[in-house]
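Labels run A, B, C and D following the written order; every chain starts at residue 1.
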């Protein structure tokens, strides 16, 4: 029931928008996302732990494919994330001039529906189908509403991610064949593949996620795409789409090819951490705010991925927790970018400065976001990062050290950007408007979530606790 | 009913029927590729249809199963419909580009 | 008996080759009529009288007449103009031949045709075919009428001219038409 | 009142103040905001006093758990406060000195349009600092640790329109963050080793552990401490931090935040006792910092910069004490230093206020008469820091020097040199500012009462602070040491075994030399006001010192520039030449394949049929061969 509702509410909303093409598309889209959020919250309120199956229908039984949908704590966390994030993404569109708002919001809703599907699927093939489906609305969003060079960049992004998707498809098909056609996650996790097979199968499965996340050096599509994409498209990409990669690793890589993961663990962690440092270093000298945020996201994601591959409770738990925090952070950051761009008409840092004189409230909101961005304690990011560092330390000490350099780098570029945008003497020209009602309505709840979950992370950590321990016990068992 | 004349299938091996229809099919196929005149191409397609029909009829007789012949009947139906449409397309083509050359119809070129 | 089969077989092959080889379309049509008649004769030999009748009526009577009509209508009764390049023709001939050989080889090698169980000479009679057609295949039979309907509609659509005299089913520009004609 | 509730109230009051002030910052007047902020800090102080009265040192500390915080898979780190002698001592300093500085700020900031914001941030700082000292585990302390860093950033860059101030603020934050790396590493290490981060549990389990990991953990902790407490190599941010309003310098960069490193070391003294190697490092880093900073202080012309380097130098003394294992001496000096350095900064602020923002001592002089109260209090502060007998600084610094002598006379000599330099630059400052004739243009006026009252209170404390830990020699019984002993394990191991005679000789020697130095300073600066001229004209060594040993330039050349270079070039080379082409390559390859294959689509029906035939033939052949 819940699964069906989650899939259908946004989907039907999107269809309604496409068919009726109402003049006021946003309120309808917002209502749909809020309705689905209510469903997710209900699912959370009634969740008592363990794994829940909502739906189990025969589909193509000849191949052993079943329409299995459900979630455990981690799945619920990501459903929550999807539910929480989308109302804000839709709301972020208010007041922004756009053509064809009905189609635009319909595409957003389609994305949400498919994302729910990704996080609900309990079958590898079903997962794959939703995983690739999400690409279609996002592709259209980028292609029609993107900025400069949108065609070539979108095509590149599309082809690149599809390439990873192909590898994933191959891996899943191989698993299906090996497993007698049973593609349920639980059944796949119970497989015991020979170590040699796992070593190459790991990359077949992981490549798609590595590109989606992205980790170094597969991130080439990201900065340009983030820079070019419409604001809301970037939010979707950065806040949720990327988490599909993490979730995929958690669901399909760690439990299915444990020996392969162990074999490549160090490689992936090192790559991810290199990416984290690399993104942090590059971000500092970016002259464009959007690119700076894009590289900072690369840096954060590197850490997330490293934490996940630490392969212990703190690393995995922290990474999953941080996935949520990062989504909220990305929303805030890009919203701020949009708000700043709206006021200054540019995203070029060199052309900015002193916005605080005209917009002190916006500056204060930005500052609160910055606090989360540098993972100060009592914000959500800190809990996740602390857990990840603890996890990384248990693997190798210098992994934790390498990861920790990002907190220095983060402080450097985040505060640099803040200073370039907000501080300094005021600029000549028409006074920019201070933060509006809309800005407050979007940012204040997000910041409140950040602080609340920073002080009291228990509810979310409890979601992660059980599944992660179960995963680990499955890994250590012979 | 005089059995002698009408049951060639009992004296002629089935193989030969198969070979005959293959031969006709091959000739038809070669013809389609060979000729540029659209009307002849259409005729060659009919020829291929008929080779298949023959094969079906032969098997039907061999197995004493009337269903194969019903199938031939349906193929004839489709062939008749196909020919009417095909010939009208031909007429249109002649009218528009003043030619019945298949090689002129290459708008699907990549 | 068997001799009759081989004579008819030779006749159909030769006429089929003539269809493909003749330069004049009218010759091709006549050859095809001969081919179809020989195939009808084969049907008779197979004791499939119903098929033979329908074949003669539909193919020779209707379809081939239609072909001749079109040829006369479009004034195609003169030898062909351009021919395909030699390489193309050679390739086509070789491909057709190869197809025959491969198919034949396939049958020779792989397919074991089971011997007929019992022999019923009455299968090809109108009674038995009709019985099957109107019981087991009633639905496809009726549905085929829809096929004809759509074919009729399609042909009318294609042949109809617009009010302003331009052709309906085309988006080919004048310039392109000129290029094609050239 | 319930002790737990009281404990929670101490940080809650400033936090509430910060939230209220931040949300009402547009509606409150400067005085109202300042009054509210001060009242709340006074409230927190009162709560601390009540806590102290209800506290029984003999029973040891108590832990007040507020909330579950990070709890995952066996890690259970609560948000909890710890009330023991050490945290109480620090709470007194933070809320007591803090309240005075808040009061002072009402006068100092009354004309600033963003005064309410200022007080909100100051309250937030107090909250963070209280969490730092009251945390019952490393992670809660780390909340405060980072929180004070943030507030420090905000307050240094309070006047955000000046780019240099913003740069100084960022510099402070980043350098602190470098230290934080060490702090976090220490925490993850300790957590892995002990499975908990609670102070009492770790100190219990650590006793007797002989483990190289302890050396690593303490070194990491010390790295964190160097960042926060401005020691070599991370000290350059503190002088720049003087960009903030003067009360900020007094509260954050003199009295409280910069002593966090010392606090942390005392807190985990049991660990440091297990790592003599780390203690030696601390000792020498502290000594080097004390001397380096003192030498730089000799030639500074900015009134606040002199005090800043003096702070760095004094912090060095505290680390020397820590390195010597005399934690009580360090804490004692933290306390007295909080009094007299806050006093000095506030006095300097009063001078700056009086001169309408002037900070260059070359344009001061002769202010003795116009700002009489400020002069007297500043004089008391100067005497205290110089360590003239019976002042608070005398007892605390002397204790450290006695411990140093016990370790090695060379160390004592070095520290003595530092003390003499301190006396010299402090009296140079005093004389150049207050004596001689006025060299500026503004019209000096005495500060309002809200500013002078804190000065007077602090000067009393600066004089009498020594009583807190009066040594046996002067008839006291080291009250502070015995009090702290219940909280910091390391104190139990410290012992000063110098004879009374030796101590007296050392004190006398120090005092006489300081007196001589003061006399020289008087001659040079009070009588004729010798001003430093152009740096370019100085001899090499002096120029080097005056330019702060060129450490800033060194760091810029060693770190900042290469980092910028790296950032630019990683982007230009690695990103644009390697990673981006990878993506482009995949896209282009796909395009090129399409471009090539499309040639096959001739649109010629005959050709396509032929291709189909060929495919059919091949397929059949393959099945025949394979089958």
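The rule is short, and it goes like this: contacts are C-beta pairs under 8 Å (C-beta built on N, C-alpha and C of every residue); 3 or more make two chains touch, one makes a residue touch a chain.
This one's a predicted model, so the numbers in the text were calculated from it and none came from an experiment.
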item	value
Shortest walk length in steps over touching chains, chain A through to chain C	2
Inter-chain pair with the most contacting C-beta pairs	B-C
Rounded Å distance between chain A and chain D, as computed from the means of their C-alpha atoms	37
Distance from chain B to chain A - Cα centre to Cα centre, in angstrom	59
Gap in Å, rounded to a whole number, between the CA centres of chain D and chain C	96
Multi-partner residues of chain C (each touching 2 or more other chains)	84, 88, 91-92, 95-96, 99, 103
Junction residues of chain D - those touching two or more other chains	606, 610, 613
Overlap residues in chain B, where contacts from two or more other chains coincide	29, 33-34, 36, 103
Which pairs of chains touch, using the document's own definition	A-D, B-C, B-D, C-D
Contacting residues of chain B [partner chain C, same complex]	1, 3-12, 14-16, 18-20, 22-31, 33-37, 39-40, 42-44, 46-47, 50, 53-54, 57-58, 60-67, 69-70, 72-74, 76-85, 87-92, 94-101, 103-104
Interface residues, chain A side, partner chain D - complex	152, 155-156, 159-160, 163, 216-221, 223-224, 278, 281-286, 313-314, 317-318, 354, 356-357, 364, 367, 371, 374, 376-378, 382-383, 386-387, 389-390, 393-394, 397, 400-401, 404-405, 407-408, 411-412, 415-416, 419, 422-426, 455-458, 461-462, 464-465, 468-469
Touching residues on chain D, where the partner in the complex is chain C	606-607, 610, 613-614, 616-617, 620-621, 623-624, 627
Chain B residues touching chain D - in the complex, by the definition given at the top	29, 32-34, 36, 41, 102-103, 105-110
Interfacial residue positions of chain D with respect to chain A in the complex	22, 67-75, 79, 139, 142-143, 145-147, 150, 153-154, 157, 160-163, 166-167, 169-170, 173-174, 177-178, 180-181, 184-185, 188-189, 191-192, 563-564, 566-568, 570-571, 574-575, 578-584, 586-587, 590
